[in-house]
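The following pair of complexes shares a single chain, chain A, combined with chain B in the former and chain C in the latter.
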Partner chain A sequence: MSFVWLWTDILVWTLVLVLIGAVRSIRRSEQIRKQWFYILKSPIAMSAAIVLSFYLLFALLDSVHFQYTPSKQGEATEQTVSSANNQGVLSLLDVILQHLRDKTERTYSAPFATHEYSTSLSYDESGAVTQVYRPLKFGGQHWTGSHTILDDVMVKTAIPFLFSCIFIAFIFTIHLGWGFVKTRGNYIDYYANQPDPKDELPWGAAYFTLFLLVFLFSWFYYLSHFYHVLGTDKVGQDVLYQAVKSIRTGVLIGLLTTLVMLPLALILGISAGYFKGWVDDVIQYVYTTLNSIPGVLLIAAAVLMMQVIITNNSDWFGSTEERADLRLLFLIFILGLTSWTGLCRLLRAETLKISQVEYVTAAKSFGLSPFRIIQKHITPNLMHLVLIALVLDFSGLVLAEAVLSYVGVGVDPTTASWGNMINQARLEMAREPMVWWSLFSAFAFMFTLVLAANLFSDRVQTVLDPRRNN
Partner chain B sequence: MFEYIIKRFLFAVPILIGVNLITFALFFMVNTPEDMARAQLGAKQTTPEMIQSWKVENGYDKPLFFNGDAAGFDKVTETLFSQESLKLFAFDFGQSDSGRQISADIQERMGPSLAIALPTFIIGLVTTIALALLIVLFRGSTLDTVTMMVAVAIMSVSGLFYIIAGQVLFSKVWHWVPISGYTPGWEGVKFLILPVLIGVFAGLGAGMRWYRSIFLEEMSKDYVRTAKAKGLSDIKVLFGHVLHNGMLPILTGVVVVIPTLFMGSLIMESFFGIPGLGSYTIDAINAQDFGIVKAMVFLGSVLYIIGLILTDISYTFFDPRVKLS
Partner chain C sequence: MMNQEASTVLSVQNLTVLVDNTPLIKNISFSIGGGEIFALVGESGSGKSLTSLAIMRLLPEALRVTSGSILLEQQDLFQLPEFKMQKIRGKKIAMIFQEPMTSLNPVMKVGEQVAEVLRVHLKLNRSQARNKVISLFEEVGIPEAKERYEWYPHQLSGGQKQRVMIAMALACEPDVLIADEPTTALDVTIQAQVLQLLKDIRDKRGLSILFITHDMGVVNEMADQVAVMKEGEIVEQAEKQAFFSKPRHPYTQKLLQDAIPSNHFKPAVESKTLLQLTDLKVHFPIKKGLFQRTVGYVKAVDGVTLEIKKGQTLALVGESGSGKSTIGQAILKLVDSTSGSVNFSNLSEQTQNTIDLTQLSEKQMKPFRKKVQVIFQDPFSALNPRMTIDEIIREGMVSLQVGSGKKEDQDQRIEELLDQVGLLPEHKKRYPHEFSGGQRQRIGIARALAVEPELIICDEPTSALDVTVRAQVLNLLEDLQQKYQLSFLFITHDLSIIPAIAHQVAVMKEGKIVEQGTVEQIMHFPKHDYTKALLNSAPKLFKERLEVAG
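Up next is the complex of A and B:
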């Protein structure tokens, strides 16, 4: 077993490091800390932030890859069943959801089903042909039929419920203990003398959301040992597994695209606004030109060309995972290169405004170099715009992935993504009876992420945008 | 004003050249004529002679940017780039891979695209503005908060979901409208109802929030206070003053879109089987027909630039202070 670092893994962990660095520097600045406090003071924003970090956690778990080759000796019978699934590059999340990867059925089965969704022909001993619903290989096979599935599920809900209660109690204890340490034991005194009891973060909403999420995921996890909670798809793969695996693609496209577009927008926007003259003309020309090309078409054209490069140079890539990953990386780059223009224009306008302010004139007359002025006086004053743009773009990018995959210019067909799930499941709605669970799961997972991102970005905008803050 | 429009069109030329440069870079430098020849000829063992003859046949045998063999000004014009771009400026898009004239195809498919895009645009605009005005009347109330929450929820659902859910509910379960298809003329209306409705609904969330914020910003201005002090009712202020003054930011966002309506909607058209430019583009992308994609990119840019010019002109109608010069 050895670690495999895919390109997107490296980028996403770099981003995490950058974020940690940003948080550390934020803690030093009183003003920014206050701003974040106000953002999180809204119960909705707090809940949204917790949902977002849950998704991020899954994306990060899915971004630690290693090469896994099953050992040859021992457990021979079990090995043969699962060895096909186990070879190649696995992620930490794959290991956690190992049981879902192994339990592959023959074809469609509904959520919590014990039998296949459609009939198949069966020959009995006398040679007569009958139409039967074959029992599933794995889903619901512990079920003896002595009570209904619903009862069984209800009974099995108790364990995840208990687990989440204990988990929340554990977190709450740590939280209390931390507060105890922070106030040096004068806990009750400290909070009794708090000048304004409203100056507390909405912990009630936070714990409620956390409990809901932990309960939901432990419920899914526990029950997925017995059933296919969200059914199986055409080739019998567990839909829950696919939906969870798709989190990484969605989150990465939302996060890393901003990483690509940010330097472009910052450097070009600030230089256009600060240096004016021909620099401004050239940069304006570039972004007007890029802007005038319809977004989807530009992306489509670039992705088509990327496919040409990949087919022409198929020897660049070792494994299918690497090829799929590189394609995701290319897509992120293309999305980044086509989406910086909006932020760039905003930054240019704001820089134009700021460079007229007295303190910049003063700094100039002190003989500070343009680089220092930009670094010390201009960039910090643009950060709220950057942050607003980043959180606003995130949800749009997650939604865009689905549309692009549908158009055929999205991620690699072998990569798990909600767009690919929707694309594959689209025709299943026309089947009689309808196969709805694949589509439903993809949309539900996507909706939760996008809704949380939208609610959070709304709050960030309200707090940070001076125009909306009155 | 006439002078201004001419000037703006002249400014558009370098931008269109830039657009051409980008598409050219994508389509000819990444995917060189040699690659194209190999892909078209198909065979594994293609000789250099075969490639050369294919290039001559398709007119790709010139150098990319600079022709050293030609004399004088022809050094620049006798190249692949100028040959390909000049054709585009005359709206001559050449032939698609299936051998059809792209320009003729585009003309033919503009009608169906407009048949769906125009009603969606107009109905969408009117409903979102009307709803936003209504919400502004109730600003600060619970109704306002709830509606805005619903708007965020509507925004957060993927557009694909509305289309698929709409098709399943209205066509498959309730059989109210046909699931997809298109016929020109009035008989075709039954095909258009569902895509238009879905298009309007999908845009409702973002649109309502956007217009609401515009109107709220206007509401906080001095002239609104004066109007109220005069004793005008909320409704009169809203329709008499705020709507008129809010028109400028609305126009900024809306007029640009009008010319691009011709391009149709990729997703909508391919789901509902409408033979417009959107499905044309999607088919071209799936078939990797670069000629069509290139033509659509150019057309889209031209329409966008026309939209920008129209926006400037429309300002003069609503704000007499704006003078085009």
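Up next is the complex of A and C:
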């Protein structure tokens, strides 16, 4: 087994390092710490942040890839089914959800079904042909029929519920213990003397959300050993597995696109606003031109061009995963290159304003170089704009991926993504009886992420927007 | 209680306003008679504007009126339902604000804005309203009223905008006019005109005016009755004459003492020239069209010759737009000068060479940056909100390599500087927003002092400050001048502070110096018409004081 670092993996882990760095610098500066405290003081923002970090966790688990070297001859005897699936590049998440990868059915099956969704021909021993709902190979096969499926599910709910309770209790103990260490043992005194109980973060909401999420996911995980909780798709793949795998695509597009866009917007916006003159003219012409080309057209053209390159040079890529990953990366770049203009315009205007403010004049009269002035005086005073724009853009980009994949110019068809799921569901919705669970799962997973991101960005905007005091 | 003088139009009784149980206005009472101008004086945050908002019932939601009543012609305003109150606003009580720029809707013709008020309140039709507006415009002294009706706010000057606001307030013939610092944003000459206009209107219409201001000179000019507010309380209330001749409360005494300019001028002592401006011109090109061709020039500074002496203060007086701040920036080479020279004499060295700063490159300029420093007008925008005080002060020391490069030595120096400007060493780890306006201005001074300059350009450093704080900052500057033989170029529009600070005065108009000389010459024997006009528009309080000195 050896680690495989795909390009997007490298980028996303770099981003995580940057985020850790950012958190450290937040801890250092009291002013920014206070702002984040205010952001998280809203129970909604706190819950949204926990939901977002849950998604991020899945995206990260799915971003550690390794190559499974074919198992040794002697051991491969009993793994007849799974060995075929163990070829190629796997992620940590794949290993955790191994049972879902193994248990593929023949075709469609509804959530919690024990039989296939549609009938198929069956020849019995006497040679008669009948239309039957074939039983599934794996889903619900433990079920003996002594009680209803609902009862069975209810009974099986107990274990995830117990697990979540223990897990939350465990986290709570750690939390308490940390508080104990922090207050050096004067725990009760410390909280009794807390001047204002309103100065506490909304831990109630936090624990509630955490419990809900842990319970939901452990329930899904536990039950997925017995059933196809969200059904299976046309080729019998588990829909839950697809939806969970899509988290990485959605989150990565939301996060990494900003990583591409940010340097462009920052450097160009600040230069245009600070140096003015011809620099400003050139940058303004560039983004005005770019803005006047319809975004989808530009993206479609670029993606089609890249497809041609990929098909002509298939020997560049070692595996399909690498090819799909490069396509994802390319999509991220294209999205980044087309979406920097809004933030750039905003930063240019703000820089124009700030560079007239007197503290910048004072810095000039101290003979500071333009670079130092931008670094010390202008950029820190723009950060709130950047942050607001980033969190606002995140949900837009997740949705954009879905739209682009639906149109067919998004990620590679082999990459799991909500857009691809929805694209497939287009035909499924037209079937009679309707196959609704693919669309529903993609919708539910995407909706939760986008809603959480929007609620969080709303709060960030309220707290950081300097105009809110007026 | 109801049986007061028949002439009382508006009376405020025992008014208390709270926010989160903290009183902002504490049990104040006063009453305004018919045709009377009642001045409510106080520093920022004393609750005077809140009082006016309470009268109009326009207080922000977070504030609560807990006791008291406001009677308008025996009618308690707090008892009225909101729809009746709406009729009172505008029709019975009208209001004008400090900032005419933001009080007018920028996308509506000014005439229409006034006509709208008439149509809503007096139900006039379109042409009646138009005629009424034009006659109102004539009354408030807007020239060519018919044409101006069609203009948009940005086409009018500040004084004219304020006149439009007054016309709008008068439109429905109110009984009471609340004027909230109506002249603070205006130049002296315009201020005098607007004040005269308000007085004329009072005489003609028998209007009662509640005049809110922080400026004792304006109070002296306008008021019949004066009330002084401090921290939400009225500390003293008296007739104008009695108020100015025998102030009783110590706070009032202090306020008057700080507001009235000193009447002894600084002696003109011979000293060496530190900075000499010769025929300095700063022209900004006006660019138009597709290829940004230069079609003309704004002559911000047009041939200025000035001399600043070692250890002395040159006051540069002028109205807004006269180019006085541009001179400061040209000396600092923050704008490029078109022609002329800025000669800086290196007095500290034995050789005493003179260098023309306009010829230097940015790199050559660096050693001179520590000799010339600057203090700004607005204490809120002069300090970077994301830097701590010690970072702000240290910046210049590091950039210009003043003093030792070691961090401990710099820390010590920062503490010294903070002590010198009257702040505490423990303030250095705080952020600017934790300080008041006056304290921020002190930090700005400490920042300039950190590089041990010889000349400090003070660009209206006190115009955003309250009177008492202004006096403290001026004293601080004075002490520093004595101690370090600093020279100041003091840019100001406020004549009343000149005697206290300046050795020399230069009067500037439209980019040119119209007159310069010692303080005594300019104040007592002005030669140029503009200087005379400027002095004439100064508040009476100031003129009387000058005459005493003369």
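One rule holds for everything that comes next: the second predicted complex is superposed on the first by the 460 of 470 C-alpha atoms of A that agree within 3 Å, B and C clash if a C-alpha of one lies under 4 Å from a C-alpha of the other, contacts with A are read in each partner's own complex, and residues count from 1 in each chain.
Convention: a contact is a pair of C-beta atoms (placed from the backbone, for glycine too) under 8 Å apart; a residue touches a chain by one contact, two chains touch by 3 or more.
Remember, predicted model here, so these are calculated numbers, not experimental data.
By residue count, is chain A touched more by chain B or by chain C?
Result: the larger residue contact count on chain A belongs to B.
Mind working out whether A:235 is in touch with chain B, chain C, both or neither, as first, second, both or neither?
neither
If you stack the two complexes on chain A, which partner ends up touching A:201: first (chain B), second (chain C), both, or neither?
Once the two structures are laid over each other on A, A:201 reaches no partner at all.
Give one of first, second, both or neither to describe whether A:309 is in contact with chain B, with chain C, with both, or with none.
After superposition on chain A, A:309 lies in contact with chain B alone.
Touch check for A:155: first (chain B), second (chain C), both, or neither?
neither
Going by the contact rule set out at the top, does A:359 touch chain B (first), chain C (second), both, or neither?
The second partner, chain C, only.
Looking at the overlay, does A:22 come into contact with chain B only (first), chain C only (second), both, or neither?
neither
Can A:454 be said to touch chain B (first), chain C (second), both, or neither?
It touches chain B, and chain C stays clear.
Tell me the contact category for A:377 with respect to chain B and chain C: first, second, both or neither.
A:377 sits against chain C, while chain B stays out of touch.
Could you look at A:427 and tell me whether it touches chain B, chain C, both or neither (first, second, both, neither)?
Neither partner.
Can you list the residues of chain A that meet both chain B and chain C?
Shared contact residues on chain A: none.
Spell out the part of chain A that touches chain C in their complex, as residue ranges.
Chain A residues touching chain C: 31, 357-359, 361-368, 372, 376-377, 380-381.
Given the complex with chain A, which residues does chain B contribute to the contact?
By the definition above, chain B touches chain A via 14-15, 18-19, 22-23, 26-27, 30-31, 35, 152-153, 155-161, 164, 167-168, 172, 213, 217, 220, 260, 263, 266-267, 281-282, 285-286, 288, 290, 293-294, 296-297, 300-301, 304-305.
Give the list of chain A residues in touch with chain B in this complex.
285-286, 288-294, 296-298, 300-302, 304-305, 307-309, 312, 395, 399, 402-403, 406-409, 422, 426, 429-430, 434, 439, 443, 446-447, 450-451, 454-455, 458, 467-468, 470
Name, in rising order, each residue of chain C that touches chain A in their complex.
Per the touch definition, chain C meets chain A at residues 329, 332, 334, 362, 365-366, 369, 372-374, 376-378, 381-387, 392, 395-396, 399-400, 431, 444, 447, 451.
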